[in-house]
C-alpha cells in the first residue's frame, strides 16, 4: 500500500465523519427554518405541522453527535486543534439543537394562529425580513464551518444588526397595533408575532455563538463576552 | 463457527506453584483487533505467550483448561507447527543480525527448510514489506543487514517477518514500548490498516494505545480477566469499578 | 600518565620481539625455510620439516578440538543450571590448569603406548586437549551475551530448537567463537612439553600423521640445547618464525573479530 506523506490517520477519519454529520444536521435545521418561514408567510398550518414532526430528527442528531464526540475524546485523547475542534462541535451542536427548537416553536405558533390572520402585521413588524436574515446567518456559519472560513464567520456579527433593529422596534410597533385595534383576536395574533420575533432574535444569537466557536477553533481566539466591535475584527 | 479465531475457556497458567492466570474466558473473532491491558504483573504477557506455547519454554511452566485456535486445541497440536500459524512480535525489535533485510522477511521459510522459487521469494518479500509499510524505505537496500535500520523500521521488519508466514492470528507483545513516539504512531497506524486482513492481539501497558488501536479491550488484573468489551464502552463507561479505577489512573 | 604506563607495559614485549628479530634474522633465508635440517654440527640446513610438522599438528588438533569445543560451549550456554553442566564447567576449568607436560605424559600412556609409538596424531590429541578449555569458554561466553529475544523470535516463527541454535544463535556469535578458536591455536602453536613424548620429533620431512613429526618448538628445544653455535643460530631463526606465526594469528584474529562482529 503506497504511503503518501500526508495520509489521513485514524483520528483524522473520525473527525471528518463527525464534521459530515454536523453538516447534515445543519442542513436539516436549515430546512426546518425555511419551512417554518414559508409556513408563516403562507399561514400554511400543514407545513408547520411537518416542521413540528421533524423536530425529533434534529434531537436524534444532537444525541448522536454528542456521543460521537464523547467516543473520540475517550479513544483518542486529542490535543491542540483537534481538541478545539471537538469542543467547538459540542457547543455548535447544542446551539443547532436550540435553533431547531426555535424553528419548531415558531411553527407551533403558526399552527396556533387564530383564523383570519391580519397580513398587515407581517408587514409592519418586518418579521419575514427578520426571518430571512436569521436564516442567512445560519446558512453563512454553516459555510464558514464547512470551509473553515473565519471571514464569513466574522461577517455574521454585523448581520445581527438588522435583527437587533427589527427586534428593538417591534415592542413599539406591536404596542401601537394593539392599542389601535382593540380586538381580542387581533391582539392575540400580534402577541404570537411578538413571540416569533423574540425567537428569531435568539436564532440570531445562536448564529453568533456558532461563529464564535468557529473562530475559536480555527484561530484559538476566544471571542466570547467581547464587545461587538472587537468581534467582527473589521474596521467599523 | 469459522468466525472464532481463538477461544479460551477456564484457562489457567502456572509457574510452578504460582497461579498466574485464573479462569480466563474469551473469544476472539476474525479481523478484530483486541487490546489486552492491565498493570504490570497482571498476566497479560503470560496469556499471550500461552497462545503460541512460548510459556512452556520456561522450566516449571504449566497450563490447564482449554485454549483453541479455530476449534483445535492448542495444547494438543505440535508446538512447532502451531507457532508457524501464530505470528509474534516482541517488545524489542530483533531482526536476525546475520541476515539481510530480504532474508529476514522470509526467514520463517528459510529456517524451516521450506523451498521457494526466487520468484515466490521476491513476491513474498515485496508484498509483505508493502503491507508492513516498509517497502518504499528499504526497496533499494534489501540486501543490507537488517540491523542497520532505525528502531521503528526494525520493528516493522519484525512485523513483516511475522506476516510473511500468513499467521492466523498476530500477537504483538508491547510492540512500541521501545520505540520513539513517531515510530510508535507509525506502528499503530499499521495495526489499524492490517485489521482488514488479519486478526490481531496486542498487549500493551499504555492504555491510550489500547484505546486508539483496538476494537475490543480485555482488562486483566492479578491474573483475572476483569472485563472485556468494545473498546468504546470500556473507555466511556466501564462496567467494573476496577476497570474504571485503572483507566482513570487510580492504580497500576 | 596513562600513556606512560601503556608504554611501560608494552616495553617488555617490544624488547623481546626486537631481540629475537635481531638474533634470528640472520638465519632466515629461502634456503632456511625449504630445506631439511642437516645433521647436528653441520652448517646450513633449514626447518622445512618443522614448519610442515607444526602446521600438521595444529591442523589435526583444530579438526579434533573445534567441533567438540563449540558443541560443549553451546551446551553450557544453553544450560545455565544443573548438576551435569556444573560439573562440566568444573572439569573445563581443571583441564585448563593441568600443566602441559602432564598432558603429554597422559597422552603418552593412553595413545602412544597402545599405538606402538609416537606420532603426529597423538601430538595433535594433546594439543587439542589444551585447546578445548579456551574454545569452550569463549563459545559459552559469546553465546551467553546474545539476547534471549533472538532465540525467542526464531522459536516464535516455528523454527525447531536445534535449528534455532545452529542456524541463528551460533552464526550470530561467530565472531566471538572464531576469536576463541584463533586464540587457542595461537596458544598451543608454541607448546613444546606435550610434544616431547607424543610427536617426538623427526629429522626427515613427514606428512603422515601416524608417524612422528618435527615441529618448531621441538626443533628450537633441540638446537638450543645442543652445544653447536650453528644449531643456536637455527634455533633463533626458528624462534623468529614461530613468533611471526603467532603475531600473524593474532592479527588475523583481530581482523576476523571486527569483520564478523554482529551488532544487536
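Per-chain residue numbering starts at 1, and chain names A, B and C are given in the order in which the chains are listed.
Operating definition for what follows: a residue touches a chain if its C-beta (ideal position, glycine included) is under 8 Å from a C-beta of that chain, and two chains touch if they have at least 3 such contacts.
Small disclaimer: the values here were computed from a predicted structure and weren't measured.
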- Query: Under the touch criterion given at the top, what is the topological distance in steps from chain A to chain C?
  - Reply: 2
- Write down the pair of chains with the top C-beta contact pair count. B-C
- Query: Which one of the chains is closest to the middle, using the mean of its C-alpha atoms?
  - Reply: B
- Item | Averaged-CA centre spacing for the pair chain C and chain A, given as whole angstrom | 93
- Note on the structure: Per the C-alpha centroid definition, the whole-Å distance linking chain B and chain C comes out as 48
- Item | chain C residues counted as touching two or more neighbouring chains | none
- Note on the structure: In the complex, the residues of chain A that touch chain B are 1-3, 7, 9-11, 70-71, 74-77
- Given the complex with chain C, which residues does chain B contribute to the contact? 52, 54, 57, 80-88, 90-92, 94, 96-98, 107-108, 111-112, 147, 158, 161-162, 165
- Residues on chain B engaged by chain A in the complex (per definition of touch): 130-131, 133, 136, 185, 188-189, 192-193, 208, 211-212, 231-232, 235-236
- Item | Of chain C, residues touching chain B in the complex | 147, 149-150, 152-160, 163-164, 167-168, 171-172, 174, 262-264
